[in-house]
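Each chain carries a letter (A, B, C and D) given by its place in the written order, and its residues are counted from 1.
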Amino acid sequence: MLPASCSHRLVTELQGALAACQKKEEALQQSIARCRVLLQPWEVPSPPSPEPARSTETKPAHEPTPKELKELELLNQALEKALQVRKGICQVQSSKSASSGKTAPSLVTAQAGPGARPRTSNPKACVPAKPPPTSQRDSGRLKKPARASSHRGKAPGNALTHARQPENSMPIEGPSLCPLPSQGQVPGLPTSTPVSVLREAGATGPSPGPEEGKIQPGLRSEAFTLKEKGTQLQLPLFYKKIASRNSSLWAQVQHYQSSADTAVAAAKAHFMERMKVTFDLPGPAISLAEIQEEVNRLDQACHLLTQHLEEALDVNGEAATASLSWEQEYHRLVTLEGLQAAVERHLLRLRELRDAEEQWLGPRPVESSLWGSALCLGGKGSSGSTNHIVYSSVEELQTMTALKLRVTMLKQQIHLEKVLMEELLPLVRSENPAGPAQVALYRAIHSQLCEAGERFSILVRDEPSV
Amino acid sequence: MAQSVVVQVGQCGNQIGRCFWDLALREHAAINKKGIYDDSLKNFFRNVDTRRNGDGVDISKGKIRSLKARAVLIDMEEGVVNEILQGPLKDIFDSKQLITNVSGSGNNWSVGYKVFGSQYRDQIVEKLRQTAEHCDCLQCFFIIHSMGGGTGSGLGTFILNVLEDEFPEVYRFVTSVFPSGEDDVITSPYNSVLAMKELNEHADCVLPIENESLFDIVSRINQMVTSGKPGTTVKPESLITLNEGGIKKKLQEKPFDTMNNIVGNLLLNLTSSARFEGSLNMDLNEITMNLVPFPQLHYLVSSLTPLYTLADVNVPPRRLDQMFSDAFSKDHQLIQADPKHSLYLACALLVRGNVQISDLRRNIERLKSALHFVSWNQEGWKTSLCSVPPVGHSHSLLALANNTCIKPTFIELKKRFTRLYKKKAHLHHYLQVDGMEESCFTEAVSSLSSLIESYNELDVTKGLPIHDPLRLNIVI
Amino acid sequence: MSVVTVQLGQCGNQIGYEVFDTICRDLHNSQGFCCKRENEVYQASCKEHFFNEERSGVPVARALLIDMEPKVISQTLLKAARSGRWKYGQHSHFCQKQGSGNNWAYGYSVHGPKHEESIMNLIQKEVEKYDSLRGFSTIMSMAGGTGSGLGAFLTQNLRDAYPNSFIINQIIWPYGTGEVIVQNYNSILTLSHLYRSSDALLVHENDVVHKICAKLMNIKQISFRDVNQVIAHQLGSVFQPTYSSEGSCQYRRNPLGDLMASLVPHPEFKMLGLRNIPQMSENSLSYTTFAWTGLLKHLRQMLISNAKMEEGIDWQVRPPLLGLPALEKVPHNKESHFNTSIANLVILRGKDVHSADLGGFKDPALYTSWLQPSDAFSEWRTHRAFNKYEKSAALVSNSQFLLKPLDTVIGKAWNMFASKAYVHQYTKFGIEEEDFLDSFTVLEQVVASYCNL
Amino acid sequence: MGRLGRRPREDLGPGALPTAISSLSRALRGGLGPETFRKAKFDLPEAVAELWSLLFSLLWPIHQEGAVAPRDPPDALEGQIRFVKWVLCCYGYGRRHFYQLSEDGSYGSYELLLAFSWLLVYLSLPERFLCLNCVHQGDDAWICLCKDLASYPVSLALGGKGRVDIRYVQWLLGKLRFQWRSLYASQQEQCTLLNKIHLYTRGCHPDPSVGHLSVPELELLRFPESSKQLLQQLESENSCLEAFLEWKHMELVYWQWMDTVMDANPIGIPNAGKQDVFLPEILQYCSPKYITGEMDRVQKNLEALRQRLQETVNQQRAAWHTKVSRCSRRLPRLSELSTAMMKEIQETVGCELAALEQGCEVKSWSHRLQRLVFREAGEPSNSGTHQMTKVIQVLRREEASLEKTFRRLQEECQQELAILARGLEGVIWILPPYQRW
């Protein structure tokens, strides 16, 4: 049996780590489940409820501003570009669908727009996606689109489906640039069926089954997979609009962050200063959180410096030192001196941190570690800009995630190793290795500390067993 | 699937070989009804398209065209080989597989080994090579010879050496016919002892056979057949009774063929589990692995049951159990030995036919109390279940025993050798052959002695209380 | 999600076939005793675990067949294809012409390195077919040469190549006598090597299963097929889908990982035994009804008295009273009937499964002193009945179940080793006496550790 | 793109403060009006409860971000107050008076206003809040590692005396190892699936720099009904962002006002003398023991490094001097040439070292949310994107260095235990055979 305090600390640490993994795993499982659902055949879903989204009801309606229209135009340009890209990617597919589309209109369906109706489909199967006039209030925001959508049956013609330009010419007014299914509907109220969001919208087919959750057997054949038809999907306009607004807002937020307003900064500094002076904030200059973070940073730095030192010394190998040019010699010297200076700086900083820490705590030792890990929130001023990270193959993505996990694991492992060392080594040091309990402890500790708990050593008596 | 090559040397070897090939063909004919060249056939036979030039091209799949035995026939006289070539088996051999001479070895081991050995070495290697090249995975050489004569004994063991040099990876199983007490060849003790040394050193596994035992078995079969108990008749189709012209009345007339058939059957059953499917396969390499605990102790006493099938099949389970009991009786061993009352080092049961693991286990449980096993191998059983029964039987059993009961044979051999050697009788016939020295004799006999000594050492442990050696002592 | 089954050697291939066949028959079994919808989800989950869907509609087993001689593999492939229900992948087998001859060393040191690349490529190709790889389940006997030697070699390679995968080895423990003479050598070499590279060894004892065939299944002439079918049934009862958690109707996504996390985290305790209840011939099945209370009472007694089957349970065995001072070291040869567990997993399938009370398995007295039942006991359930049993329970146990057989095998091998018998067969292929000694020490330690629970 | 709210500052009229406060409040999704702030300025108790719960609602999610097993937020005000105090304490907010506020929330609105404003600066509260509540439209990739497996202590009910056997520790560690593996497999699976989705929807995204759809976007299409939520969230985020921009625009007013607030100082007392009223109690949650240990370790390492550098620098200096004197004898004009060269070298080294100091360069952007974008090799990619290869490089380096650290620790233990092992008499110690895994 381990001593109580040791037991408590070790078990707490390990249980904590386990719970963290568990949580992460659950999150992953959820996200996997989501992906899997998407990769399964898309069956024709229920028609949308005629009720508009509540949230949008509360939004004040307003006319589209000229700026909005301009944004849309920009958006459309972007779409055009996207199309160019796509052209390259799925030439085969689009040409295939273009040729087959006419003869065998299969996948495409009812237009979800008000009263939109597939022109050649079986009327029984055709279910109007949404009663046209429901949402006067909601459509406020997009009045024009609403109007535009009254071009019945026009929707399938998509400005961007180059392969199948519809016979209808596009209305000139704004949003009709993207005559998507849900024109005339409020943002936040997607009513299009997956089938109808397929790009190849010119042809017709049976529309969604009438009841939620029930998929008519006859319509089963409509199921398609992303693999087959994924490239023909198209995001609804209202979404695109909101999203583009969102990204432009974020860009502005970014901008604010990068360009510091000096006046505000000064005012803030002034405030902090006054807090400190007037209100005599006696707390230490550095918070515990910061100390922890700084210590970690110093640890990291020490590591890097060591590495750099080794690289510097190892450039040509020790043996080749004699043959170094004077430039190389000098380079090395300057490097070493630089490193030296850096180390001094770090040591100084560490001293400061120690002082700060003492201020904080006094001599009182406290148990349990909350701060072991919770510290990313200390990283101030992070921003939510939607940067992109580009990968070019699934292997690359997998390697990255695997490495990431590995690094995290190693950190956790190192942390645990340190804790185990702190707690366990004193136990074997202190007592005489006599009793079997002690030997068992010794063996277990060896396995834990030297073999990462994966393997175990064996102790055999010098004489055979009787 | 792996292949085997039969090397039959000398008169005896070729006679047995002839029976073996005949039986092998019949067995496959009975099982392979479609005439397709399959993996099991491939084991002993090549399928050759003879319409092509000369040697023909091997066909690996499809219809059987023309089967060629994977065999090399060697004799320093022509008689038997010529007989074979003129007999019904002539199609499966061709001249490229033969090495013959007309002079014979004069019952002299050293003539076979030293004279013909060096004279024919290249030719032998060449023939073996050719045969081996037709195999995509050569696993085993079966050498069939006798110990008492000159060619089989001398050249046979010489070939054993050659095989070890040239094909170190390929197993060497030797079927050796040991001379009986009243052998008509006077020098047979010399030949046998000299050959024994070679077997000791170069064989992976030796299946000793004694003509006397075979003869006794044949006599019993005869008795059985002629006794004509009401309702009991030997089925004419059974393998033992079957040979080229095989019908039962010939039993008395041609005992040798029947005897050789038994040996042929031994080889067939030995390889059956490797050739045919079953729920517990046994490859040839498993035989040595399981039955040879120490390199030199590789002499396996074999028994074959049932030897004949009776027409009335009334009590199958009892007959099944009888088959197992018989396999351990003295009367069914192919060499004069009594395994039941000696010490077993290991034992293998190769079962064919509709026998299941539970039958096997029941019989092992039943029999094992009556048997003595060496202390460190109390459960020294190796088993196999081949689902294809031999022709004419519903099931069969080949028992292979590594048992100290072989020791008397060796002692007897040594005794007869010593009797001759003390008088230096006939020694000069040997010593005049190039490369033969007296030391050859002394070394051979001491090799035999040490073999006997090994068996002695094991024998003394028989019946002693078993003490388990001390185990490792783990601290915690 | 996906686990690759690797069937090794004659035994592994024969059992592997039965496992897939059993699973497939269970899939198509109309007597699921649950509603249609539930059955569909179960089937989907099962298919996802064990099969790749092929265009032809015939599911393809996620399995690789490996043997060093061709007979068994060609038979197995043929049998599966003939069943019409399922088949093996077209290129998912590897065989050679010549077996390992019951020689562990030959499988491990000759066949292993020689075919390493081909086999690992084959595995790689199979793995690439899946969206994710959870682990490997190898089926192998430890008596022979290919299953045991090549199996040990391959397991090590799998561990190196897929360090993040779970590896479970289904070990077929040979009959105490009568299969292979060198089986004890092969066994200790196999076990000790697997102890280094595998995560769990799920042991199936031939002797035990044979008895089940005789006593419970009422089979007169027991064939290997009968034995294998029982093993397959047991395996199916563990690895067929179960709900991921109490009250959930989602099926478990990572049964192998979950099983390991609940049973074998400690590196010295990796031996798992398997018991199931009820087990009977199909004829008697239709005349019998079961109650969960009865089944679980029996199963629990089977656990604590180390009974191999429902018949002949020793009801006298009781768990020790808690609170008694832990004995310093109970020698295993001492008559101590009570079987101490490290951890147990009970899997319940069938009707009214949620009413089944597993309280009896949560008694701290059942477990080693250093684990609480909350850590040591897990349960999996599903409404869907398995293999025509209206109700059935399986128990996977990391306990002293295997202590005795293991000790016996070590003892016999040690006896043989003391006389150096057969050792030359191994040194011929590079397995030296030290290797034997290493294996002995590892396993003696395992025995000691299991004794000292 | 047009920029909202970039109006000249003169707009800020007398009504500016309430507008500023209300936009701040909207940006923080809090329902607080300017009135509350005004009350707080005068330390009126009516504002207390509102402010506590505002602080709580802001700090709780930040705190939960790195936490395991989301704990239920305390319902009672008292619990919330304790929590807020604790968090502030950890951030180093040092005003004693704040901690002395009673936990029934009956007074202290002025204190709370100060604390709130302090957090605004210290934590960049609005920005952080926006990031935290960021709506995910893309398949997000965090390269940031800090939150990945951050563990929080789990409250334990250890049975009996609370002592455990070392084998239980081994058991738990083994379990953790298995969990890591499960995580690995799940991650790999997720990557495969994501990639499939990206591959199958190439060309569908309106933004050409993205190209393909993400999971949330696809869900929007697949489940129009349930995906309304996403749109609502986006809309609400948009209004938050708008409010934030508005706030940013008028922030100055707020700080100017705060100046007056501080002038007012209705409480009067600076800090009461009693230092330890609250702190120790709060600090139970922190682990200075761990930090101290860490500091010791880092110090040890740094000092060792300094020692080593000292020696090598001396050597190097000597070596260089000899070389220079030798060279200058042969090439008298060297010194002129070399001054320029030396300068160049100094600069290069300076850059190198600077780069080193920033070592975790990736980290600066790694904490941010990144949209995962698939682009086959060879396809052009926009600027402003980060390449996975670069991330992989950095991670590899980190992995290697961590592995080294880990091995070093293990060796340390090995040595110590080996010494102890010599004390075991009559026992042969057999180490596990070497294996790669």
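In this text, a contact is a pair of C-beta atoms (placed from the backbone, for glycine too) under 8 Å apart; a residue touches a chain by one contact, two chains touch by 3 or more.
Bear in mind that the values here come from a model prediction, so they are computed numbers and not experimental data.
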Subunit D and subunit C - chains in contact with each: A
Chain pair showing more contacts of the two, A-D and A-C: A-D
Chain ID, smallest distance between chain and overall C-alpha centroids: C
Farthest chain relative to subunit D (centres taken as mean CA coordinates): B
Computed distance of Cα centres, subunit D from subunit A, in Å: 15
Euclidean distance of C-alpha centroids - subunit A vs subunit C, Å: 40
Centre-to-centre distance between subunit D and subunit B (centres being mean Cα positions), rounded to whole Å: 80
Between subunit B and subunit A, distance of the C-alpha-averaged centres to the nearest whole Å: 74
Shared interface positions of subunit A, touching two or more other chains: 29, 32, 402, 436, 439-440, 447, 453-456, 458-461, 463
Set of subunit B residues in contact with two or more other chains: 471-472, 474-476
Residues of subunit D touching at least two other chains: 164-165, 167-168, 170, 172-175, 177, 179-180, 182, 184, 186, 188-189, 192-193, 196, 427, 430, 432, 435, 437
Chain pairs that touch, as defined at the top of this document: A-B, A-C, A-D, B-C, C-D
Footprint of subunit C on subunit D - complex, ascending: 159, 164-165, 167-168, 170-175, 177-182, 184-186, 188-189, 192-193, 196, 430, 432-433, 435-437
Contact footprint of subunit A on subunit C as seen in their complex: 164, 196, 253, 267-268, 328-329, 441-442, 444-445, 452
List of subunit A residues in touch with subunit B within their complex: 436, 439-440, 443, 458-461, 463-466
Residue ranges of subunit A in contact with subunit C within the complex: 29, 32, 402, 436, 440, 447, 453-456, 458, 460
Of all residues in subunit C, those that touch subunit B in their complex: 10, 14, 69-72, 75, 96-103, 106, 145, 175-182, 210, 213-214, 219-225, 227, 329, 410-412, 414-416, 418-419, 421-422, 424-425, 440-441, 444-445, 447-448, 452
